[in-house]
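Here is the structure we will look at.
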Amino acid sequence: MIILMKRNSTKEEIGKVTAWIETAGYKPHVSEGVERTIIGAVGTDEGRSMLKSVAFLPGVERIVPILKPYKLAGREFHEQDTVVRVGDVEIGGPGFAVIAGPCSIESEEQMMECGYIAKKAGARLLRGGAFKPRTSPYSFQGMGEEGLKILKNVGEKMGMPVVTEVMDTKDIDLIEDYSDMFQIGARNVQNFALLKRIGMSRKPVLLKRGLMTTIEELLMSAEYILSGGNTGVILCERGIRTFETATRNTLDISAVPVIKELTHLPVIIDPSHAAGHAKYIIPLTRAAVAAGAHGAIIEIHPQPEKALSDGPQSLRPEVFYRLMDEVRILDEAMQNGIGKL
Amino acid sequence: MIILMKRNSTKEEIGKVTAWIETAGYKPHVSEGVERTIIGAVGTDEGRSMLKSVAFLPGVERIVPILKPYKLAGREFHEQDTVVRVGDVEIGGPGFAVIAGPCSIESEEQMMECGYIAKKAGARLLRGGAFKPRTSPYSFQGMGEEGLKILKNVGEKMGMPVVTEVMDTKDIDLIEDYSDMFQIGARNVQNFALLKRIGMSRKPVLLKRGLMTTIEELLMSAEYILSGGNTGVILCERGIRTFETATRNTLDISAVPVIKELTHLPVIIDPSHAAGHAKYIIPLTRAAVAAGAHGAIIEIHPQPEKALSDGPQSLRPEVFYRLMDEVRILDEAMQNGIGKL
Amino acid sequence: MIILMKRNSTKEEIGKVTAWIETAGYKPHVSEGVERTIIGAVGTDEGRSMLKSVAFLPGVERIVPILKPYKLAGREFHEQDTVVRVGDVEIGGPGFAVIAGPCSIESEEQMMECGYIAKKAGARLLRGGAFKPRTSPYSFQGMGEEGLKILKNVGEKMGMPVVTEVMDTKDIDLIEDYSDMFQIGARNVQNFALLKRIGMSRKPVLLKRGLMTTIEELLMSAEYILSGGNTGVILCERGIRTFETATRNTLDISAVPVIKELTHLPVIIDPSHAAGHAKYIIPLTRAAVAAGAHGAIIEIHPQPEKALSDGPQSLRPEVFYRLMDEVRILDEAMQNGIGKL
Amino acid sequence: MIILMKRNSTKEEIGKVTAWIETAGYKPHVSEGVERTIIGAVGTDEGRSMLKSVAFLPGVERIVPILKPYKLAGREFHEQDTVVRVGDVEIGGPGFAVIAGPCSIESEEQMMECGYIAKKAGARLLRGGAFKPRTSPYSFQGMGEEGLKILKNVGEKMGMPVVTEVMDTKDIDLIEDYSDMFQIGARNVQNFALLKRIGMSRKPVLLKRGLMTTIEELLMSAEYILSGGNTGVILCERGIRTFETATRNTLDISAVPVIKELTHLPVIIDPSHAAGHAKYIIPLTRAAVAAGAHGAIIEIHPQPEKALSDGPQSLRPEVFYRLMDEVRILDEAMQNGIGKL
């Protein structure tokens, strides 16, 4: 921690600050500058909350934290990329893994069609929502356990691991029985009760960045899960809320290289929720491949116009086949062209 | 719903749109403009999700929803202001009600001191956190049930109703035993599992707007609670996330008149979390009184420099006394000066 | 400037950093922490740009600037509040000064009516736009010099100083002849050519914060004007762009206490452009008085429905009279109630 | 324009609205819904400002504009892609055109080195700033005309067209003599005086999106230039301001497909200003190629650590060579792989 003193702080004020630093178990280093005094507090992280209260002392202008607030999620103590295994699929190594499926599981037939399309196109995992977070209490809320059964069944038939969203700590045991990976949605990214409980599971989890979450906060949410002992965390950028309304949210494509720099965890993108409209999903997925993401999660539906949720952003089968062909061309250019430069 | 057709949409495309509207149970009204055709879909709200899929049909440019997505929260069907009763305190009528207390309950002694300060200053309700939502898993997470006991006990001694945050559906029964009002925090404003479960309670709830929540989304979250039969919802503006970093969040003071126009529910503000620093809390609370808010929730601490959480934004006793004196003067000017113009 | 080294930076890297600091004319102070080394660079501001390049050296994680980038605008070197005189009106001292008038000057008759209403209601200055910044090239662009003549004429008849917007360096001389104060609009807040040229004038200037301008950037723009020798700068908060769309922009009411803390310059608010709708202007102006602003600039029109620009946010005469009555009551409560606590 | 009436609007109110619509020269179409009445106003765009005032009439809830506010910039009346010619370089057709050069022209030697690097790497145009928009009045403000001479000279030696920023209407004639393309910077995107004056030139212009400019507003700014008769407008996405601070701004990659849908004008990206740090520029440029942008503008410097401005985001020669190699591989995959699917 660095403490910046006000321009005209007195010797006495500086003395009280250094005394406080020592009480908190740190060692003070005073640097007297031309215009103001700066005091460093050197020590381990344990007295941190007490130390921070130095901001209250007279003469202090502001404090600057030095250490990153996350440990397990950071690259500093874990340099190697983490590869997360979901069933027999690996995410985080070379290659671009696509997770596909409908927003909501609506029926066995619809889910089977989706599974078939996903498999045929070359997707590696299957998604489908059974408990749906809907802005309106009057919208379709998902099929619940019946949906989970369908999902698991279709995943087995297709030989694809499945992922589904969990919204409440009380549903975790149930979902653990049916799903190969948990998904924590954007609106629950700081539902700390849920994060803690998932940290106690040993199933991997797809953690979506919230609409208002900074990358640092996302890594802190991952830290909740990692600190519980669950190491299988995949991060997902799905668009942040900005002033622009041409797309539903703004895909923060820079988050891909930033996250890869700061953490060893894999990062994928969700162009469907970011764009909010099917017509932008192909170019955004191409951008994700080129930016270096480890994969993408994409909403598909055999007949989007009949979808019970997220129809406008779900891809028709023929568009999804096209998308996967484009992904293959770019992934090849990334791995064998650019990768061998 | 209004459907705007593209500039060069064909008769056939228009025919398919009107057919779809009829299938969804609505009546189409076609208006042919100079530059494009506009089609209205008239009907009740039931076929809404099906109707929305009209956006997929060829020739459609975009759709414009007409009805507000909330009913019970809106003024249209409930013109009169709702006054919420918490214990013997009313919020939502005339007068500015202040809720005060520490961020976290830390000990019986600390809570008693806070209760005494709050009471002496003229606050009406007592707040205190027992389950704390913290960005870092390594920060103090609250005293849990022990804290709830202290809070209830202090509230009874001071003759003040109490409010505390609930973060997980599994804690609702416990908190219901100890608290006069639930608080749903900003990070859980779209935790729909929690909202639904609180809707089944009959205790009032203080629902905080999220950092990234539009006013319309806040009203939809209130609708979740109201539609469960719990009518005691108080809304709280606590700052939204913007690009400005001089304050922790940006207090959206306009939300006060906007919310009062759109809904009959009471609205209060939380200047402590909005500003993130004690020095701005007095002017922001004054602004809230003048803007017409029904109250404020303010963090106080007998010794902020020793607080286990939110120290920098907690008011010292003498500052809080001053704040309450200022509130009284402005509230008087609002009620007896401006109110009688 | 403080330089944070990476966790595993080498002695050699640290040596190169301290050498660079010395070459830039600063003195290095090395603090070796438990987890990383921190280096302070002590000196005056002259070698700043060269010093900043230290960020490129191997082993450097990030740099933290210490000094505020503005000098003349800051309180550090100018503690006393600046009171700006426009004609015989003072802004920046006690009391809440209202500037009123139409968005655009449309005719002599309309401007006379506005002048009469403003005067009668107790406004101190008159505003009116002759060169209008319009998003669309097809919208009314203002009356130009003819409008300036009308404005000056009405101001003289009413005995009120006038203010009008300048958009282009080539118009400054012209406007200087007619107006008592320049206005620089939100879209030109970082039009540095304009700021520099206004700095050479000795007429006061109302500098509006941009939709996307941080408070620090606003103070830097003021610094451009002040560094040219023009000391009469009044700052104006007029709403920032956020994700919320219920109001046109989000009035950042916290900017009032923040600006008053950081700078000695007066600060007023513009509720008309912030809200974008007449119905919210009274509560927002009340909030501005209570937050401690030095004044407000408000759009009025004898018949808003016939205004050539900004009709929806212009107040009708009777609403403006009401607003001024409310302002008087709150200003009295602020000055004689709270001011004497 | 569509007018939504309030739920309980009266026949008389509806009558007044339809009368107003007719007075404004439009034809009203009344649709009585189950819950509220909707009125369409059909006509050409001429009476628009008068029509908008219908929002003031009693009983009106809100108005919904139907027509896009831009004409010349839109695809509706100009379906074919516009290819802009700058010297002998075409931007807007197939292939990805890179513009490279230093932030500021600092000396003949520095500019020659940049020109040589740019040429060798395969860039098509050369950039360099002579008039610099700097947040601080104390920062280097550019070499002015001397810089322009150097730029023109280097461009001629390298056989590359050049582009430089114009900040003030009074500099336009001067810059026109030296530069093959104007650049309008982010801070001047709504400097309407400048836009109008550039519209009168016949040299192409690179128009950068502002930090807080919506895509619609950017197109309106382009409309200012186009409506003056200058058809050579290239749009540039350069990052928008959001709450995320890991990058200086947030590159809105979705703007590429959105802009290509809405307008016929070319769109390029500026990863240097978006990211603010050299380390993210390669992945972001790759993303731009894959998203379908027509090019990019990239800051390079022979020795970034000695740059007088924007050093941290300028690429060293060897990194820029690498970037151009990667661009070539992806552009080939886009054109010959994906383009022929």
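To keep things simple, chains are lettered A, B, C and D as they appear, and every chain counts its residues starting from 1.
The rule is simple: contacts are C-beta pairs under 8 Å (C-beta built on N, C-alpha and C of every residue); 3 or more make two chains touch, one makes a residue touch a chain.
As the structure is a prediction and not an experimental result, all values here were calculated from the model.
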**Request:** Could you let me know which interface, A-C or A-D, is made of more C-beta pairs in contact?
**Result:** A-D
**Request:** Taking each chain's centre as the mean of its C-alpha atoms, give the chain farthest from chain D.
**Result:** B
**chain C-chain D separation of Cα centroids, rounded to whole Å** = 26
**Prompt:** Between chain A and chain C, what's the gap in Å when you average each chain's C-alpha atoms?
**Reply:** 38
**Request:** Report the inter-chain centroid distance for chain A and chain D in whole angstrom, where each centroid is the mean of the CA atoms.
**Result:** 31
**Request:** Would you give the residues of chain C that are in contact with at least 2 other chains, written as numbers and ranges?
**Result:** 212, 241-243, 245
**Prompt:** In the complex of these two chains, what residues of chain C are touching chain A?
**Reply:** 2, 4, 7, 29, 31-36, 38, 40, 42-44, 64, 66-67, 76, 241-243, 245
**Request:** Note which residues of chain D are touching chain A in the complex, please.
**Result:** 212, 214-216, 240, 242-247, 250-258, 261-262, 274-275, 279-280, 283-284, 286-292, 322, 325-326, 329-330, 332-333, 337-338, 341
**Request:** Over in the complex, which chain D residues touch chain C? Could you list them?
**Result:** 45, 49, 52-53, 55-57, 69-70, 131, 133-140, 167-171, 187-188, 190-196, 210-212, 217, 220, 223-224, 227, 241, 304-309, 311-312
